[in-house]
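Dropping the structures in below, format is structure tokens.
Next, two complexes with chain A in common: one pairs it with chain B, the other with chain C.
Here is the complex of A and B:
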């Protein structure tokens, strides 16, 4: 499983100074926090139950798994549902360019587990799950043994797939099925794990929730922007390394990244921006959305000057096409065609009309999957066509900006791609 | 009540029957999978929409109130 993230063999230490914004991560990077160290740093939760849902709403906490959906909306929806209910902490982190959930589960596992207990209790769930990469299962299991939780927590291993953290794939896997996206006319908060109303929150979201339960919404809003309060974990991918750090929302990007030709924001379903444009922006969706970008799960991936944005994008799109669950016709048919066309654009002297073909297929797959995989893939592709227009013309003349064949963006080895049902377990 | 046609894209295997019986509402893409015209089904086409739903051999089509949305995330 460690082969799925060649650039992050071990959980990444937050090795960059976080500028005083450390909240969910321990202020001193290093060993995993045991229960005693966790309570010494964070104290006990003071706000619970329905009052906690109100506090989360007042805090303005949004999901840190990628969609930035208001956390209190999901909490309230499951709290209002009747019958047996389930809460799941989502630490699948299938995104190869993200290591923040791994870092959080390694450094502050008890904060996440506190958040899961508090959220499960607030919605009235009788059972809880932690869904994560098998590499983290051992340490987290030891942490669970240290605790005396009221609501039992079961560990479920997430398949090492790009899509395994997608909510319906999670619900399917936790129910004992394959970790594949499913289609339903109901939401997971209505019918999720084994048909029960299910709360799914990213592990980092739960860590913030656990801190709101201690310090309150006013404290939470002391960092970040009025529209997007708090801090967020980010993974910076540069020079073949991944660095996880915690930053206030609204932090100037120029204080986090400096050099490069372009930066991919939000991960492999994200958006390329030229470095010059990115350096004028701040780390929040309000600023990024004006440039068609979004923070996603907090990935920043640098394209170095000596690399080619088309080659890097083609590598990632090939990976994304292979990681398609292959269940929906437009994704099954469209993504491989887009991947092959992007590979052609990444090579010397692509045929005329290839860009137009990519644009046509991009339009054809958008909004037509059971999950957002085609839409996210197309977002990346379209941003590459926008940002690397000069490179496309260079390739048409038989030239290329790359001066090395060394890949810049992290990807699992080609033989780790899914072939059979077992790959989704 | 306004109704919309919704496809379960996992169940759909691209038989193309829906596009044959309701060409005003459904058009096949270049791989034979249906593209449903977005928005509510006009009242005059409701019969055709119901026929498309009934024709689908894998029951992948549904006619449902426009306010409901399918679960899509991630």
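Here is the complex of A and C:
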């Protein structure tokens, strides 16, 4: 396998968050629980089928894969569809700065598998899949052997690519094809895996769903904000380490992160915020959206004072350009140019007009891909131009804030970038 | 010109125009498939042109077959339009015309419902264009002698040569195509060799394909 992540090879031990917000993660970090320990801690599901979809709606559970789409809408859409149906737990986690799906599959695989069974049952799916990187499949395989599930679950390897968790890429991969995004007028919930209506939910969403089936929507809403209830897993990237923790939505960011020059919120399709601004915000999309940011899959990546935001962004954008599926012209042709221009801004004395060139190309690629890869990349680039304006001027004078060449943000090694179709399998 | 000769002339004329249009549709279709630029047109307009010309070609083919049936100089049964080899007059060559007509109708119909179709099935149907054109061409060449003499023979030859060139270009282009997965790396390497900020144009048009 070509893709390894330097910073997330072993699932990160979750640190216990302030306020004891653990729900999907076990209160005491440890190895995967066996089935008996899992049921002893979490109990049995009491709410199933159509009633569970109603409970999920009342709970206000949103997708934890990044889009924060209401979970009950997808459930209801697939439940209403006819014919053979499929449910997929999405644990692809192609985002290098996120490790929460890996941590969840390591620490609480039975909760995810419970959620997958309950969701598959509620929508009437005859088959279920768990889609994840083969490095995280071990505990899940052992758990599957322990269980006597009604709906058979098949493990499908997600390619180690940034885009492999995208819904159409997932549907293509689970159908036996390459894990590439496809362009389709139909939603995956109408026509997904092998053309069947397909429910795709992030593994964390399914874990929350399994808990709602046990404790009900009222319990779920006891944490979080009224608009965005519940807890969420977040991955904090700081000092070359990744820490996965569970926090209530609405938690002050200042209780999660402290020091640094800036913070990247939402992952590599996310938004840079100056640390001073971030520390006044709370961990929910309502607050973050006022600063053009979104929680995404719960990534917080801290830019230390001794690093340069332009250098870090240029490295990430080059990675994102190389991870393009190469299918849509604006992405294939536009992202490499944006990446090279960002590298120029990150270097000594960039030519005049480079910022304007980046802005022009950013406008040309937005909204023009089959998936949101160009849009997400441009969101990151634009936020970097906004937040690191002073750094751009510093570079124009031939100076830079970085005092070390050690990279701050996690990325796979350069030789793990895709070169052949096998890299998307 | 009697009523009967009007139909006869109309049938021959629309047949020739249909051949030119079908050639153009096929050539533009090849350009779309290879993502080539047509000078002076943005890509979406090329797709629209392909669609509109094909619908126009269908209109001409429609008039072509209707007038051929209505023409009383030779007797062609209406069913011979769609069922091959059922015409008493020029049984084989009109049969080819019916085959081409059926294929055109099938291609248009599948393209109109493309959004609701399996892509592979649609593509398989669309690829019959490469069968349809030669069949229609032979029909045009031998169902009457018109295309074998004078200016019209030049038109027919021109259509055949242009199409042969386009098909050859398509095959060469496919053979030279870079595997999809390595395109991104190649674009990135090219951009890094020549930093694009120096360009003055819109800069998104790739010179390397």
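Heads up, the rule we're going with is that the second predicted complex is superposed on the first by the 419 of 425 C-alpha atoms of A that agree within 3 Å, B and C clash if a C-alpha of one lies under 4 Å from a C-alpha of the other, contacts with A are read in each partner's own complex, and residues count from 1 in each chain.
Methods note: contacts are C-beta pairs under 8 Å (C-beta built on N, C-alpha and C of every residue); 3 or more make two chains touch, one makes a residue touch a chain.
Please read all numbers here as calculations on a predicted model, not as lab measurements.
Participant: Give one word, clash or fit, describing how chain B and chain C relate on chain A after superposing.
Facilitator: clash
Participant: Go through the superposed model and pick first if A:364 touches only chain B, second if only chain C, both, or neither.
Facilitator: So A:364 meets both chain B and chain C here.
Participant: Of the two partners chain B and chain C, which one touches more residues belonging to chain A?
Facilitator: After superposing on chain A, more of chain A is contacted by C.
Participant: I'd like to know which partner A:188 touches here: chain B for first, chain C for second, both or neither.
Facilitator: first
Participant: Which partner does A:303 reach: the first (chain B), the second (chain C), both, or neither?
Facilitator: A:303 contacts neither chain B nor chain C.
Participant: Which holds for A:167: it touches chain B only (first), chain C only (second), both, or neither?
Facilitator: first
Participant: Thinking of the overlay built on chain A, is A:333 touched by chain B (first), by chain C (second), by both, or by neither?
Facilitator: It touches chain B and chain C both.
Participant: Contacts for A:119 in the overlay, against chain B (first) and chain C (second): which applies, first, second, both or neither?
Facilitator: A:119 contacts neither chain B nor chain C.
Participant: Please indicate which partner A:53 is in contact with in the superposed arrangement: first for chain B, second for chain C, both, or neither.
Facilitator: Neither: A:53 stays clear of chain B and chain C.
Participant: Report, in rising order, the residues of chain A that make contact with chain B in one complex and with chain C in the other.
Facilitator: Common interface on chain A, chain B vs chain C: 185, 327, 329-330, 333-334, 364.
Participant: Where on chain A is chain C touching in the complex?
Facilitator: 185, 195, 318, 321-327, 329-330, 332-334, 336-337, 339-341, 343-344, 350-351, 353-354, 357, 360-361, 364-365, 417-421, 423-424
Participant: Quick one: which bits of chain A touch chain B in the complex? Just the residue numbers, please.
Facilitator: 66-67, 163, 165-169, 181-188, 327-331, 333-334, 364, 368-373
Participant: What part of chain B is in contact with chain A in the complex they form?
Facilitator: Against chain A, chain B makes touches at 6, 8-14, 29-33, 35, 62, 64, 68, 70-74.
Participant: Looking at the complex, which residues from chain C come into contact with chain A?
Facilitator: 35, 115, 118, 179-185, 187-188, 190-192, 195-198, 202-206
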